[in-house]
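Shared chain: subunit A. Partners: subunit B in the first complex, subunit C in the second.
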Partner chain A sequence: MTYERGLALCLVLEIALFASIGWNFFTAGNAGEIVRASAEIGLLALALTPVIVTGGIDLSVGSLLGLCAVVLGVTWRDAGWPIAVAASAAIVAGVVGGALNALLVARLGIPPLIVTLGTYSLFRGVAEGVTAGVRNYSDFPESFLFLGQGRIGVVPSQLVVLVAAAIAFWLLVHRMAAGRMLRAIGFSPDGARYAGLPVGRRLGGVYLLSGLCAGVASLLYVARLGQAKADAGTGFELMAITAVILGGTSIFGGRGSVGGTLLGLATLAVLQNGLRLADLPAELAGVVTAALLLAALGANRVLQGRTHELH
Partner chain B sequence: MNFIKLGGARGAPPRPPARCAGVWSERSDDPLARLHVLEARSNPAPLAALTLTLALVLALALVLGAVACRGGAEHGKTIAMMPKNKGNPYFASCRTGAEEAAKELKARLLWDGPTETDPAKQNEVVEAWITRGVDVIAVSVENKEAISTVLRKARARGIKVITWDADTEPDARDYFVNQATPRGIAETLAGHAARLLGGKGEFAVITASLTAANQNEWLRQLRLVLAERYPDMKLVDVRPSDDDRKRAFEETQTLLKVHPEVRVVMAICSPAVPGAAEAVKQSGRTDVHVTGLGLPNDARPYLKDGVLDSAVLWNTRDLGYLTVHAAHALATGALKPGVSSLPAGRLGAVKVEGDQVILGTPFTFTKDNVDEFHF
Partner chain C sequence: MSLTTTHRRELSVAAAYGALLVALAVFAPTFYQGANLRDVLVGAAPVLVAAVGMTLVILARQIDISIGSQFAICAVVAGLLAKAGLTMPIAAAGALATGASLGALNGVLVAGFGLPAIVVTLATMVGLRETLRWATEGVWVQDLPPGFQWMGLGQDVGRFAIPGLALVVWALVAWGMRHLAAGRAVYATGSDAEVTRLTGGRPRRVVFAVFVAMGALTGLAALLSAIQFIDVQTGSGVGFELRVIAAVVVGGTSIAGGRGSLVGSLLGVLLLATAGPALTFLGSQAYWDRALQGVIILVAVAADAFGSATRLKARP
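Moving on, here comes the complex of A and B:
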């Protein structure tokens, strides 16, 4: 049994449990709600998977989401740009934020934890500065809100974005040479460099992608809530990292899978939703998440021990 | 795209330069070979055991939780109530009243809300309640614009919606349980000042900022009440504190020097109450009293000192209690447009004005009752 299969079993068990104790849990409508509630964190988690595979981390994604949301609000309402142009501006803002991380990590060689801890404060700070912390952009046009609140048939519109992103990241991590390079970098950056791999370019690339995803996630977030404010996406980075780690990606780098991240995300999202529908206190989610994470880290540890034994 | 086959490099692994030899020998193999081994790894038995434990831990925790929380008899209406923040003692106090009312009415009370500062959390909780199917949703609104959408959705699905403590847009809810009207606050504050002054003399106000909307409305009402009932009392100064305790302290010190005849300082935002009380205490003036609009925890030490005469707010327990009564009445159809009064258990008949249920006169914390409140 692989780690992913173990996690999948865990998810099935979780769903069966909530289907028996929750109210209206096992319905198509609720499945849609779970997707809606987790789409933004899902995008961030997908983007964080290759980042963590390289042995890096990006703590700034939640703050960058907030900044992009503010850029959307400012360009649309204050500058009067059409909504499509404003949305593009928000995505560009995400790419620029990601490029800043990429520059500092890949070019200057500063540890990603320090870089993104800095930009975590920087992005949120700029967002709050621009809006004085209180300005709230709302009344977005219906066509834009559809992205976050609409349905295509029975499928929530976010799902389309999430699936597209999942396929793209799966191709990157599991089907391209670039994905293998990311793993090599995660195992040993020096080794990868001596093997002639373009370490700087690949590292820069994953932080850039992470910024791009934060930009796209900001659109889903604003469209879902119908408002853009500087506090958008507070704490999302930790939720996303939790999903990635629970999905079996090693925080030390070198090992990880996109499928695992999606399973980790689903486990967390179903847990949050199921607890509410079973009238259980949502605080329990924290406790159960902690138990799951510790068990996952234990499994990770065993795996690493096994690889050493193989040599 | 650069499609280098890394696996192919295994035949001729790049040799590290000599200075890295230490690192290399620790790692025992070159990284690309390790990569290969990992991808072809077999299925270790301990992993299976761990994933099974993982699943069992989850199941056990949930079942235990379900048993612990699901106890209790069958209930009538299901009322889902949400504070702005579950961790805030103010709302914990509201909850005790809400639970008291739910018990009386044999209703099932769901109490859930954000525990952190994620602004999307309130929406997610309401979404879950819509899916779950509750009779009434009662929300203390953190963020008007964001929550209106989802509250309108709840109403469209036939769920009754109440706001309490803080309101949303009027078309997104059926009723708002209003804890205090500006008029009620002004009357109570003026009453305390009049009692302390004996109906005659000078007093001053420490406000939040000179542009704060709530405070200015209270001041306007206060001036009206003075004109109607207490013509001999004179409001000689209004000073801003910017919602800051230290600033309130400094402004009160200045105030006492500039207006030595002032006998009552009225602090009308919560950080200003301890600030003003501290200034009066340090001045050693026992002939000056402080009253105002504040929280019991801030006020407690100064109430016990005797510097602070009283702190006005609303009774948070009664607010929770009334909200559940209003929600229940809305679900049973007793509370509907045109109703002007609502029987609310131990609170008696409560006034309903249009689409607002009014809690009534504000509550005064004094040194005798302040220990019953912790927020």
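Moving on, here comes the complex of A and C:
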């Protein structure tokens, strides 16, 4: 049995459990709610999959989401730009943030954990500085809020963005030569370099993509909640990383799948939603998530029969 | 080798810290008036104690991001023990023992089962935090006995005792890391665990031990923080792990293990703890504190990367 199938089975069992004990759980409306609540973290988790496949990590995505949300608010309300231009500015801010990570990781060769720890503080800090820590932007136009609150038929509008991103990342990781290179880099960066692969450019690329997704996710976040504040997306990086690891992607790099990430994301999102509807304590979600993460690590080791000495 | 080649990073962080202190003396001499500098040290003491543990963990080529959650649990345990009428030494021992057991849990998972530290401690970070929230339902520990705050020494003595105790812990561990076999074993494990094993070392035992030490020191840090306030908040310590890791990294300890020193970590803690208040005294707004912390981290590591690149090129 592959890891993904095992996880899919867990998800089906989880849904069956909540459908039997929860109120209004197994309905189309609630499915839409689950998608809505998890779309932003889903985008970040998709972007983190290729990052972690290269053996890297990006701790800055949640902070960058907050900074992009503030850029959207500042350019739209304070500078008076049209909402479409302001939204583009937020996405550009995400790409610039990603480019900073890319430069430090790929050009200077600083460990990604350290680089993104620094930018984790920097991005959130700039967002707090610009807004003086308290300013809150709201009253966005209806046309913009549609992105986060509207429906196309029965489909929540975020789902369109999430599905498009999922297809794009699936193509990148599983169907393109670039995706193979990412795996090679994850298994052995030196080996990949000796084989003539453009390691620096590929590494830079995944951090750029991660910044781009943080920018797009900031639009979904602001449109869903109707407000932009410096604390937007706090802790999202850890939830996104949890979804990726739960999805079977190895933290050491070289192994991972976009399908697994989506299953991991769904498992977490259903868990939180189901516990709430079943009137169980919300804290249980964190405890179960921790247990699932450790179980996922154990299962991966048993299935792959590969031990990692000490780190 | 001369001091400048062996302690490059420590010297450059010390120079940066010195420059900051001089800038404050010139542009904002009020910084040195009254209790301000002492308050900075009191606030930095818990971070220093935890940074001592984190230095050991990172030197052994591990990482622990669960210490923020451990911090909250230890503070609540200390508060509850004190409230139950137990004396201060017992409450302190309870906080340390709680921290050591939580550290042992990480240690068993990492050293015993060979699971990656970053994911294990991500799981315990989330799991421990939510368990605490579940157990306490978010209620703060209030009505603490008078002997708990400032260890019953009163505010004036307590404000010297807290940074003093932190410095004593730092000095003892710094000495041990240089002169005791156990200290050298941490460096050996972080440099190359396999070679350490083949030459008769016990890398797994070392890794387990550094996680236990990390937990116990987190317990002490939580205690030193809790006694500064009248309540124990259950939501304390969020983001504590990143502050501590940032201080250790700025101090020059390599995330790849085996390289770094506690002198560097002390300087890193002091630089990051002073930068925020200094910002206010130099006329900027406090909201930019976090951005400045980020810039300090990035400049420190980027300067290192630039430096090593030029040194490699200069080599014949």
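We adopt the following convention: the second predicted complex is superposed on the first by the 303 of 311 C-alpha atoms of A that agree within 3 Å, B and C clash if a C-alpha of one lies under 4 Å from a C-alpha of the other, contacts with A are read in each partner's own complex, and residues count from 1 in each chain.
Going forward, a contact is a pair of C-beta atoms (placed from the backbone, for glycine too) under 8 Å apart; a residue touches a chain by one contact, two chains touch by 3 or more.
Here the structure is a predicted model, which means the values were calculated and not measured.
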Partner chain in contact with A:19 - subunit B first, subunit C second, else both or neither: neither
Partner chain(s) touched by A:108 [first = subunit B, second = subunit C, both, neither]: second
So in the superposed three-chain picture, is A:163 touching just subunit B, just subunit C, both, or none of them (first/second/both/neither)? neither
Just subunit B (first), just subunit C (second), both, or neither: which does A:245 touch? second
Now for A:302: first (subunit B), second (subunit C), both, or neither, which partner does it touch? first
Please tell me which partner, subunit B or subunit C, touches more residues of subunit A. B
Touching partner for A:291 - first (subunit B), second (subunit C), both, neither: both
Subunit B versus subunit C as contact partner of A:122, first or second or both or neither: second
Quick check on the superposed pair: does A:283 touch subunit B, subunit C, both, or neither? Answer first, second, both or neither. both
Please write out, lowest number first, the residues of subunit A touched by both subunit B and subunit C across the two complexes. 281, 283-284, 287, 291, 298, 307-308, 310-311
In the complex with subunit B, residue positions of subunit A that touch it: 1-3, 5-7, 9-10, 13-14, 17-18, 21-24, 27, 29-30, 33, 36-37, 136, 138-139, 149, 176-178, 180-181, 183-184, 187-188, 190-192, 194-196, 198, 221, 224-227, 229, 231-232, 234-236, 254-255, 272-273, 275-284, 287-288, 291-292, 295-296, 298-299, 302-303, 306-308, 310-311
So, in the complex, the side of subunit A touching subunit C is made of residues 57, 104, 108-111, 113-115, 117-126, 128-129, 131-133, 238, 241-242, 245, 251-252, 281, 283-287, 289-291, 293-294, 297-298, 301, 307-311
Which bits of subunit B are touching subunit A when the two form their complex? 1-6, 9, 14, 16-17, 20, 23, 27-32, 34-35, 37-38, 41, 43-44, 46-48, 50-55, 57-59, 61-63, 65-66, 69-70, 108, 110, 112, 115-120, 123-125, 127-129, 131-133, 143, 145-146, 148-149
Using the touch rule from the top, collect the residues of subunit C that touch subunit A in their complex. 61-63, 109-111, 113-120, 122-131, 133-134, 189, 193-194, 203-204, 207, 242, 245-246, 249, 255-257, 285, 287-295, 297-298, 301-302, 304-306, 309
